[in-house]
Amino acid sequence: MRPSGRQTNEMRPVTIETGVTMHAEGSCLIKCGNTHVLCTATVDEKLPPFMKNSGLGWVTAEYGMLPRATNTRMRREAKNGQSGRTQEIQRLIGRSLRAGVDRVALGERQIVVDCDVIQADGGTRCASITGGWVALKLAVQKLMKAGVVISDPLVDPVAAISCGIYAGQEVLDLDYPEDSEAGVDGNFVMTGGKLIEVQMSAEGSVFSRAQMDGLLNLAEKGVSELKAAQMAAVN
Amino acid sequence: MRPSGRQTNEMRPVTIETGVTMHAEGSCLIKCGNTHVLCTATVDEKLPPFMKNSGLGWVTAEYGMLPRATNTRMRREAKNGQSGRTQEIQRLIGRSLRAGVDRVALGERQIVVDCDVIQADGGTRCASITGGWVALKLAVQKLMKAGVVISDPLVDPVAAISCGIYAGQEVLDLDYPEDSEAGVDGNFVMTGGKLIEVQMSAEGSVFSRAQMDGLLNLAEKGVSELKAAQMAAVN
Amino acid sequence: MRPSGRQTNEMRPVTIETGVTMHAEGSCLIKCGNTHVLCTATVDEKLPPFMKNSGLGWVTAEYGMLPRATNTRMRREAKNGQSGRTQEIQRLIGRSLRAGVDRVALGERQIVVDCDVIQADGGTRCASITGGWVALKLAVQKLMKAGVVISDPLVDPVAAISCGIYAGQEVLDLDYPEDSEAGVDGNFVMTGGKLIEVQMSAEGSVFSRAQMDGLLNLAEKGVSELKAAQMAAVN
Amino acid sequence: MRPSGRQTNEMRPVTIETGVTMHAEGSCLIKCGNTHVLCTATVDEKLPPFMKNSGLGWVTAEYGMLPRATNTRMRREAKNGQSGRTQEIQRLIGRSLRAGVDRVALGERQIVVDCDVIQADGGTRCASITGGWVALKLAVQKLMKAGVVISDPLVDPVAAISCGIYAGQEVLDLDYPEDSEAGVDGNFVMTGGKLIEVQMSAEGSVFSRAQMDGLLNLAEKGVSELKAAQMAAVN
Amino acid sequence: MRPSGRQTNEMRPVTIETGVTMHAEGSCLIKCGNTHVLCTATVDEKLPPFMKNSGLGWVTAEYGMLPRATNTRMRREAKNGQSGRTQEIQRLIGRSLRAGVDRVALGERQIVVDCDVIQADGGTRCASITGGWVALKLAVQKLMKAGVVISDPLVDPVAAISCGIYAGQEVLDLDYPEDSEAGVDGNFVMTGGKLIEVQMSAEGSVFSRAQMDGLLNLAEKGVSELKAAQMAAVN
Amino acid sequence: MRPSGRQTNEMRPVTIETGVTMHAEGSCLIKCGNTHVLCTATVDEKLPPFMKNSGLGWVTAEYGMLPRATNTRMRREAKNGQSGRTQEIQRLIGRSLRAGVDRVALGERQIVVDCDVIQADGGTRCASITGGWVALKLAVQKLMKAGVVISDPLVDPVAAISCGIYAGQEVLDLDYPEDSEAGVDGNFVMTGGKLIEVQMSAEGSVFSRAQMDGLLNLAEKGVSELKAAQMAAVN
């Protein structure tokens, strides 16, 4: 039995509220159960130096957590620098979002997606990718309305979900009580029915290819539900 | 005329929503017009080293801004370290809140107040103090309900408001368009009808004692309105 | 009674020795009782990037303390980075000095004022502002003699003094024994009879508007005495 | 055709030379083609603070590259701090090695595995895991000979290999020319025929579950060859 | 001909003023021509961790320059961290002073010598050693007067002087115009007629053993003159 | 008697293997007994900013140690920043190599020499200079073969050796057991029979000019043997 009483293939309720800040070109507050992430997209007409004159656009991401987003207060990263975990997560978000962008169509500009966790209950990196895509899409819609981008560079949503083996069972969308106990867990990023990233990790444990297939099946189910929520939010 | 059409002695609408995060011992989201600050209070039964065995409690504060809380995206402080401005503000918040605490009554424990600006439109340090006191009060109420604090260490609210000279006129509660133009502005922290901090500053300008008196009159009006909102929120 | 035996409205003796270093365009050693600060002004014909092509000059300040300027040796900031307190003080010195400069008359150049505390006994930030203005004035006089600045951008001295409530009494120019005991203290920066900055702060205490008026009266007396010392030093 | 002329399922030649430094408790130089990594294992009888009194041992890893291990000289991390990539890699190495350790059998001590890339040609993190396990095993053998560890905590080797999709084909053990062109690549860590970590990533691309299965097949072949090299090295 | 008109074996005038700060246990302002260094000695009854329970005392040094001690303003090290040059100099000062201390006689305490350059004209590290010894001696005299140190741990002064080859000639005590031109220069630290440190360095040049002997002869002359000034200062 | 059984004027065996990495323009692995240093030379056609348009080339060096190069594992400098000792050593290597370069003949380019200690047993800075010169020479030979450098900028080898006073005797080429006991030790850098750097240092000891002459005699013998090894390696 899962602590939340959910079925093994049952996601937490997902809501995506858009337009939540007055300044950003695109923004949303995504809630996956008790995990709440504020995502904003900032359009910058200057490319980073390594992309200058490439004819391509760029999308990057940054990730943070408010100190008391978690059950025990964490030290503020502004005082101590970004942890390795934080850097790893924001690199994942950036790679994932870029995989769903037609960078020629975006043109020579950069979009920075900020994902800040307001409240954490497991799955913050997946919620950041899913919500980050919505913020990105809203910013691009604004560029298209303004006529500076002509052809839509974002065709299919990019979404991510975690799965893992909890108490011997393959389960979808781990919350924190499950995540902290699971010997095996993974994050799956998908778009258009295809995979972008698979990150499976066993802490003090191992897993078989059959289990991996089971988790991939769950992930496909989850991502298709997230896609529906994303499409509803941006239309 | 003020850009917002407000009277010179008219505050922006203030709302304080409490209990906004599941983890913190006390929390609120304070909105002063378009300035939105999430405040949480964390109870730590360990005192910082310099207060050990003093018989007194301690209250401290940290302050941050989400990168796109502002009109132009700011660099993330987790990547670059806290600016001098950030450190100055969080020291002010901590001093201000401590001035309203009976540290003997609080007992040998620390409360950390985190103030994170979700959206900025001027006056973020004042909103942080005002909202920070509410989060602090809620955490203390929890300690009192649990019986670990007996006598209430927070008698009268601590609140703060900015005033300044805009277009030659003394005005209350500057928003960002006013703040960026004002030659003189100040922050006033008060409790129980008395002053805790006065920080008046002229950038490329000067001011007279008569003007200072005028701003103090406005501040007293503003703080009494904030106090009403604070009392409503915590009861 | 004050520890030093001074009257409540009595300043410590002030001396300002000019031309104390061979390299700087302007320099002085200001002694306010046992607080000694070495101030130098460096003319830089290059503006900082954010002021380029503005038609305006810029004045900025940096502040430091020798490790054994204080009774107990402090850790060297070169090894640990500038503290929040140091950054707050040097921002104040810079703002204060700029408020007394006609930046059009100064022309497109920067003057950096370094204030280094050789010996500390309270009031170092105020001595830095008062002495810093003298160093700045001397550097400007040199520019005027050389004909690169035509109209004097520094008309009236900028000076600063601390006041506070010590043992229940409003006193002028706190030394360290007073400063470490005072529940309320403030720094007042003035020029030409007007105010530039007021920073009043109560640590674990509060104060009334009447007390604030009393401190302002003392500050006005103190600043007029400092102005006389400044004028004597630069002529 | 692969740039090296290898078959799609053909590894580069692997050699593992042990006992390469006089100081470390265990050490090897692993060469996977032109990728050369020096791995050392250091036994520390003190556990890190978060593991104290747990009854369990700990294994951790650090990773570095000499500045000219690569074709273009990289900035020295000692001057600039560890990059996000470096931190991500060393976290992966540590997790991977821990998954193959019986931490009860190891007892309350820590082993630190240092993996320093002397020459890089793709696949440095995989070579670090494979060679790191050998260094770890040698250090454990020393502890067992000394009688301080009784039951072998390392039963089956942990090894890792990269696979990817290069020029539309699934290939095993990417070298740098392939790695820099591949749209999809992954790292697979295995032990005893089971998976520990799967990290698949598509930069500007996507992949299907069928392709993922193909890569897993290649990885299983590669890891079985690496295991043979590891067993030969430690016996 | 030397720029200053000095003979090749002629030192700049040296003065050592003691008791220049009210807080430090020992202090002096040493002037070697236009090079002025403020030296303070702080007694700390706590040893650094690596010396605990050794039965020996410890002497260490820190070095700094005010930003405008030089002809062109240098960046403040508190903002940028200590340069390699600064660290190298303070390690030299510490080693040099320790070589002249009987650490058993000093007993289990630490003395920290701070050397801060107020004005620089070449030879600041040598002036720091020579003046640093005076501050150290004064602090020790205080400990002996207080009866906490019985046998004098400082028998013979430690002093240092620079020599170099300027315009083809061996010269004593280089000032900045000479130092910046000299192809070869060195610093010689001596006590009791013996050597403690010799640091000779050729930038874009080389030197013979005969030249080295000539410089050592000059250094012996210089150090004997410095010793006289030191003895006069401390008696 | 020396711990190694060597004569007082006997060096450890020296081997220099060239061409040890595939990427660097010049490289060698130098072994001085159990001290092993990997040296690479990287040609950079861009000069550092302070040398632009000078008509001169530049040579600089960086130094590092693998964490377990030593008997006790050291903390990785990439995690903690370069120590003062590391910076001091790499500045010495750079100065020493530059002293043997005709910078006009080298032309407007930079060569960066990286010296990374694989295994340490005393004398790592000297081995770095001696091996660094070989890597530098090999890189220059490549530039001459390519015709971009015409006249050889490296005429005579630069080599370095340590000497010291161990157990009262002057000895050549200290290994770690000697180095950690010696009261006096020094590093001598030479080229073409002349001196470039002399760094003699006494920790808790002093030395006479006669002893210094004895050490210089030993150093001359050692450097002539190193020169022979260098010439054999580069021809």
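Think of it as A, B, C, D, E and F in the order they're written, each chain with its own count starting at 1.
To be clear about the criterion, a residue touches a chain if its C-beta (ideal position, glycine included) is under 8 Å from a C-beta of that chain, and two chains touch if they have at least 3 such contacts.
As the structure is a computational prediction, the values presented were derived from the model and not from experiment.
Novice: Hey, what chains does chain B share as contacts with chain D?
Specialist: Under the touch definition, chain B and chain D have A as mutual neighbours.
Novice: Once the contact rule is applied, which chains count as partners of both chain A and chain D?
Specialist: Common contact partners of chain A and chain D, which must touch each of the two, are absent.
Novice: Does the chain A and chain B pair touch with the same residues on each side or with different residues, judged by whether over half of the numbers are shared?
Specialist: same
Novice: Between 0 and 180 degrees and rounded to the nearest 5, what angle rotates chain C's CA atoms onto those of chain F?
Specialist: Resulting rotation angle: about 120 degrees.
Novice: Which whole number of Å gives the spacing of the CA centres of chain C and chain E?
Specialist: A distance of 33 Å separates the two centres.
Novice: Between chain B and chain E, tell me the centre distance in angstrom, where each centre is the average of that chain's C-alpha atoms.
Specialist: Spacing between the chain centres: roughly 51 Å.
Novice: Using Cα averages as centroids, what's the distance between chain E and chain F in whole Å?
Specialist: Here the centre of chain F sits 28 Å away from the centre of chain E.
Novice: Going by the touch rule set out above, which residues of chain C reach two or more other chains?
Specialist: Chain C, residues with two or more chain partners: 82.
Novice: So that chain D leads and chain F is second, what is the order of every chain round the ring?
Specialist: D, F, E, C, B, A
Novice: Would you mind writing out the residues of chain D in touch with chain F in their complex?
Specialist: 21-24, 27, 34, 38, 40, 42, 44, 62, 64, 66-71, 73, 76-79, 81-82, 86, 112, 114, 116, 118-119, 121
Novice: For a test of understanding, state which residues of chain D touch chain A in their complex under the given definition.
Specialist: 82, 84-85, 87-88, 90-91, 95, 98-99, 103, 186, 191-192, 194-209, 212, 216
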